[in-house]
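Common to both upcoming complexes is subunit A, partnered first by subunit B, then by subunit C.
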Partner chain A sequence: MKRAKTEELKTFFESLSDKYDLRVPVKLHDGTRVLGSLSEGEFAIEGGKIPQKPTSVFFPQFDEMFVVTDGDVAMAKPPAKPIMVVGMTAEDLDCLEFIDKFFAENFRDNIYYNKRDGSVVVGVSGRCGKDGEFMKIAGGKCDIELISDGECFIVHPYTDKGEGLVEKLQADECGCGGVHMEALRKESDALPKEDEETVDKASELIRQGKVTDEFWDEIATRCIACTSCNLACPTCTCFEVYDRERDGKMVRQRIWDSCQLDGFMREASGHNPSGKQLQRTRRRIHHKLAADVERWGHRTCMLCGRCDEVCPTEIGIKSVCREIVKRFS
Partner chain B sequence: MNVMTKTKAEEGASHIYEPIPCEIVSKRDLTPLEKLFRIEMPDGRELGQRPGQFVQVSILGYGEAPISISSSPTKRGYFELGVRNAGTLTGELHKLNVGDKIGIRGPFGTYFDVEKLAGKDLVLIAGGCGLAPMRSLIQYCQDRPSEFGKLTILYGAKTPEDRLYKEDLIEWNESSVFACSYAVDGVPAGGCFNEGQVGLITVLIPPLELDVKNTVAVIVGPPIMYRFVIAELKKKGLAEDQIVVSLERYMKCGVGKCGHCAIEHLYCCLDGPVFWLNQVSSLKGAI
Partner chain C sequence: MTNSISCVEQTGCILLIGSNTTEQHPLIGTRIINAVKKGMKLIVADNRKIRLAEIADMHIRLENGTNVAFLNGLMHVIIKEGLADDEYVKTRTENYDELKAIVEEYTPERTAEICKITPEEVVNAARMYSAPEAAMIVYCMGITQHSHGVDNVKSCANLAMLTGNVGKAGTGVNPLRGQNNVQGACDMGALPNVYTGYQKVVDEASRAVFEKAWGVENLPGNVGLTVTTAINAACDGQLKALFVLGENPMMSDPDQHHVKTGLENLDFLVVQDIFPTPTTALADVVLPAACYAEKDGTFTSTERRVQRVRKACDPPGKARQDWEIVGDIAKRMGYDGLTYNSPEEIMDEITRVTPIYGGMQYDRIDQVGLQWPCPDREHPGTPFLHKGTFKRGLGLFGPASYMPPMELPDEEYPFLLATGRCYFHFHTGTMTRRTRLLDREERFPYVEINLDDAKRLGIYDRFPVMVSTRRGEVKALARVSDVVVPGHLFMTFHFEEAAANALTNNALDPVAKIPEYKVCAAQVRRAS
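== the complex of A and B ==
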């Protein structure tokens, strides 16, 4: 496997920008790390997960469904260049794997797959987290994984597409016969698992019906309905649909929606199955940790921690799970 | 903004969010609030629905809304939508006229499974607007009565004037196919109601004589109605696997993606709107 310096990776991605719509971690002038093109800011592969949900490259906040011009309906088409997204963590890749399944099941969502089909996904892991912390190695679920050893990145392709691309990377071979990679894997396996154990335990308690409405009500009173949790969550996929006029054309677009808003389920008749904050708070957690276990066979919180980081009242999913385990175990 | 001419779907493309332009071929008032639209697909195509399914209706510029299909697939060449003027989309739909086109996606959702209901005595219980989806099953039973046992229709509305499909109610009552009982919650001062009882729809259930082992009840109505009707049916001896409910939820996509219609792990648009009661009775907020 190749072992590349950060600068070599930047050159590599730059060389692919003609062929791909590149979304790499860049640091903006204000210091924010986002997924963008290399022209938008300094290449910032190190620093941990991107604060925004990375699945937004395939399921953006606003997305065109179709445009009507003089009565002719033109459905959304695949992008001119396929998307290459760089910088997904192991947890992000779990999220992507789930929403790939979600958007494919029953009715294949053309709008999502317009972008996802033909895309390239590059994961990042190892000793390049925030303040140098070790990030879990995904070991798959992407085309290429960049695994930091603290100085350079071991470039691990997992798919034929990934192998084809890595061939073009100008970097030395690692030359250690896999010893180096094995040590990093062991370090990854030894990462603490408290969060996973807590969330799994909370999921079990919810599914056993042990978490009371009184508890959900307590959590609900702390929610200010800012919707940050939904906006940050890589597995949140709810959307609203609007028609807009633009340049004399009618555009139907979908926009992220939030189950934390009181009108989310309100019907035209006025009936509202989630009209109380308690119901909405319960849904936010129950959906990921119980309902989706029933539907998909696994929880759909992948422990990325974004909701905990953005929640102004500290009722992100890990925080609530810690309270559930403490109170109901 | 409501004019749709052609889409890629007519050229054979497949896109789950692509509305097919369909023509309104007739329109009539059901009540001051509700109208019945008869719709035809392009090129004489059939919608291909099953009783109890719904379509997503589009009016460009005003969005999309799920509307129950209120005609049976046994009626060939068209389908009908009974629509209450209750929101942006339905308000605009009411303004459209014969010859105008609307966008249609679907049919979507689960349906009243007439194969599983075959041979059973059916008690079809509708409240208010619930008669719109129920009418698709009633028409099916009317056209194929030999497939079922005894057929009973119970319908309740707020007032005599609020009743939907009044001509159908008379026809079904006069038909030898159905035993019908109707109720209204109340009669405005100076009005009268000679076609049934004054009271909630639940008053119609105790007098029923049921062959309990061979009966299935089907319920469609406003959310408040279900628990009381279910309680009365259970008193008659019906079990949860003998009761079918059709639930209404806000929906934007109709295909299990937008998330608005989730009832715990189920999506009302995909796994419903038609459920056996034992699928949903333990789910919070379902009934």
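== the complex of A and C ==
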């Protein structure tokens, strides 16, 4: 396997920018890391997960569904260049795997798959997290994984497409015969599992009906309905559809919605089955930890930690789960 | 705010008066919720049953417009029960005797009668507020938007000084400022009586500073018109031209009919804004401006913190930066001195002529902002004001007597109408009503009415009603609940199709000229 320096990776991605719509981690002036092209900021592969949900490259906040001009309907088309997204963590890749499944269930959501089909996904892990933290190794679920050993990245292709691309990467072979990789894998396996255990335990307690409405009410009082938790969550897929007319054209768009809003479930009559904050807060967590377990056979919170980081009132899913476990087990 | 937002975590008690904090300042609201969880006492003095009222130690639903009586009542109890900070009063304040004489009349019984509360509530609130080492008063428009708003503010200050709660962490008199940069606008002299940093135009020495900096002579030494009096002057024909930047007085000023008459009476109206509004509809010239995400510069927060903002995208079409537009107009009028190359250059000038901003150069506020006063480059900024001494030396008690609002309910208009805001819309809705999901949250104009009143009048939840006052009439959906007390109505001014300010009273505070948005007499009935 190849072992590449950060600079070599940058050159590699740069060389692919003709063929791909590149979304790599870059650092903006104010220090924020975002997914963008290399011209938008300094290449910043290290530093942990990207604060914004990386699944937004396939399911963006605003997306055009179709355009109607004089009665002619033009459906949204695939992008001119396939998307190449770099920097997904192991948790992000779990999220992506789930929304791939979600957008293919019952019918294939073409607006999503227009972007997803033909795309290249590059994961990142190892000793390049925030403040040097070790990031879990995914071991698959992407085309290529970049695994940091603290100095360089071991470049691990998992698909044919990935292998084809890595051939063009100018970097030395690792030459250790896999010893290196084995050590990193061990380190990954030894990562603490507290979050996982807490969330699984909370999920169990919710499903057993042990969590009271008084509890949800108490948590819900703190929610200011800013919707950040939903907007940051890579497995949140709800959207609102609306039409915009401009210059004789009608564009139907979809835009991320949030179950924390009153209007999310309100009927035209004004009746609202989720008309109270208690119900909305409960729903947000219940959905991912109980309802989805029934439907998909697993929880749909992949522990990426974004909702906990963005929630201004500290009621992201992990903090609520910790509270649930403390009070109800 | 005299103090910092973080003081919420350092205080023993908050007296919250006239602020719906979780809706209008949600992050501060959250800090209050968290502080209550950790044992901080919270007194909510507000007529409406706001979210914080549910977790408060006391919720006192005093009648709108009776704040002075309520605050005087608290001070009466504090003095009578020996709960004042005598040492502080003696060493840091003056005019105590006058205060004492005036609040003497406000016994718990008399206060309770004026405020329509119980004497016990007055006594208990006084004890609760004065008990801890540090207590804060936090207020908002429920204090200021009255025909006696200045008296209300002074009374808050009196109460804080009486208990030694000014000039240390976790205390203070803390108005929560509204818009992202209303504090900055005031700091920059967007007021009729001051230059930047509150340097008075009537003061010859401050005029000299600006004459020198701008290379001009004879800057006018008279105080200009406030927004509300400018409209009156336009109606009288004394004001001929008006340049409005980023305001929508047709929606935000009291008595819409009066505002329209005034604006139509002008010879020339220029409006600079980011979207068409009912005010741009009346303008002779509309100048498209860049919005917050399209500009570089600073915003100054409610805790006097000057913070950098950075442009995220280019302005659309012909929209330009406010400072460029103003500079170009000045140039065409024959003055080159307002031409700059960048916001940073403007900031440099600000630091040169504004002592409280003296040390606020861009390199110092690049990542984290600083709180004024920050007079020089070595100064770390000021988390709370009046430490050790007040700006004027001793803190002056400015006691006030209770005066009723200008227009009270009567037989013809039996309800008390207050106006305000809701969580999902900002001001006149220019931006938020163009935002899909925010508009979906609150799509229709509404009026809050108490269950008992609704029942008596045959009004049901979400049914259309007509709300009228001596100024006008609008149609809105009834929102029936116990958020308002019987006899009260509450409306927001976000909706063009049912402008609450078609109803409000253009009664002004004699000093600050702020309108009485929180009290007028109204009537409500089923529509058709």
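Here is the rule we go by: the second predicted complex is superposed on the first by the 328 of 329 C-alpha atoms of A that agree within 3 Å, B and C clash if a C-alpha of one lies under 4 Å from a C-alpha of the other, contacts with A are read in each partner's own complex, and residues count from 1 in each chain.
Criterion: a contact is a pair of C-beta atoms (placed from the backbone, for glycine too) under 8 Å apart; a residue touches a chain by one contact, two chains touch by 3 or more.
The model shown is predicted, which means the values in this text are computed figures rather than measured ones.
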Could you classify subunit B and subunit C on subunit A, in the superposed arrangement, as clash or fit?
-> fit
Which partner does A:V68 reach: the first (subunit B), the second (subunit C), both, or neither?
-> first
Chain touching more of subunit A, residue-wise (subunit B, subunit C) = B
State whether A:P312 touches subunit B only (first), subunit C only (second), both chains, or neither.
-> second
After lining up the shared chain so the two structures overlap, which partner does A:P273 touch, if you call subunit B first and subunit C second: first, second, both or neither?
-> first
Between subunit B (first) and subunit C (second), which, if any, makes contact with A:F107: first, second, both or neither?
-> first
Tell me which partner A:E240 touches in the superposition: subunit B (first), subunit C (second), both or neither.
-> both
Regarding the shared-chain residue A:S148, is it in contact with subunit B (first), subunit C (second), both, or neither?
-> neither
Once the two complexes are overlaid, how big is the angle at subunit A between subunit B and subunit C (Cα centres, nearest 10°)?
-> 80
For A:D257, is the partner it touches subunit B (first), subunit C (second), both, or none of the two (neither)?
-> both
Could you say whether A:S56 touches subunit B, subunit C, both of them, or neither, answering first, second, both or neither?
-> neither
After the two structures are laid over each other on chain A, how near do the C-alpha atoms of subunit B and subunit C get, in Å?
-> 12
Go through subunit A and flag every residue that touches subunit B in one model and subunit C in the other.
-> 240, 242, 257
Which part of subunit A faces subunit B closely enough to touch in the complex?
-> 65-66, 68, 71-75, 102-103, 105-111, 237-243, 245, 250, 252, 254, 257, 259, 264-269, 271, 273-274, 279, 282-283, 286-287, 290-292, 294-295
Touching residues on subunit A, where the partner in the complex is subunit C | 29-31, 221-222, 224-227, 240, 242, 255, 257-258, 261-263, 270, 312-314
Subunit B residues within the subunit A interface of the complex | 1, 3-8, 13, 15-19, 60-65, 84, 86-87, 90, 129, 222-223, 248-250, 252-253, 255-266, 270, 284-285
Partner subunit A, residues of subunit C touching it in the complex = 22, 26-27, 29-30, 33-34, 51, 54-55, 310, 367, 423, 436-437, 440-441, 443, 462
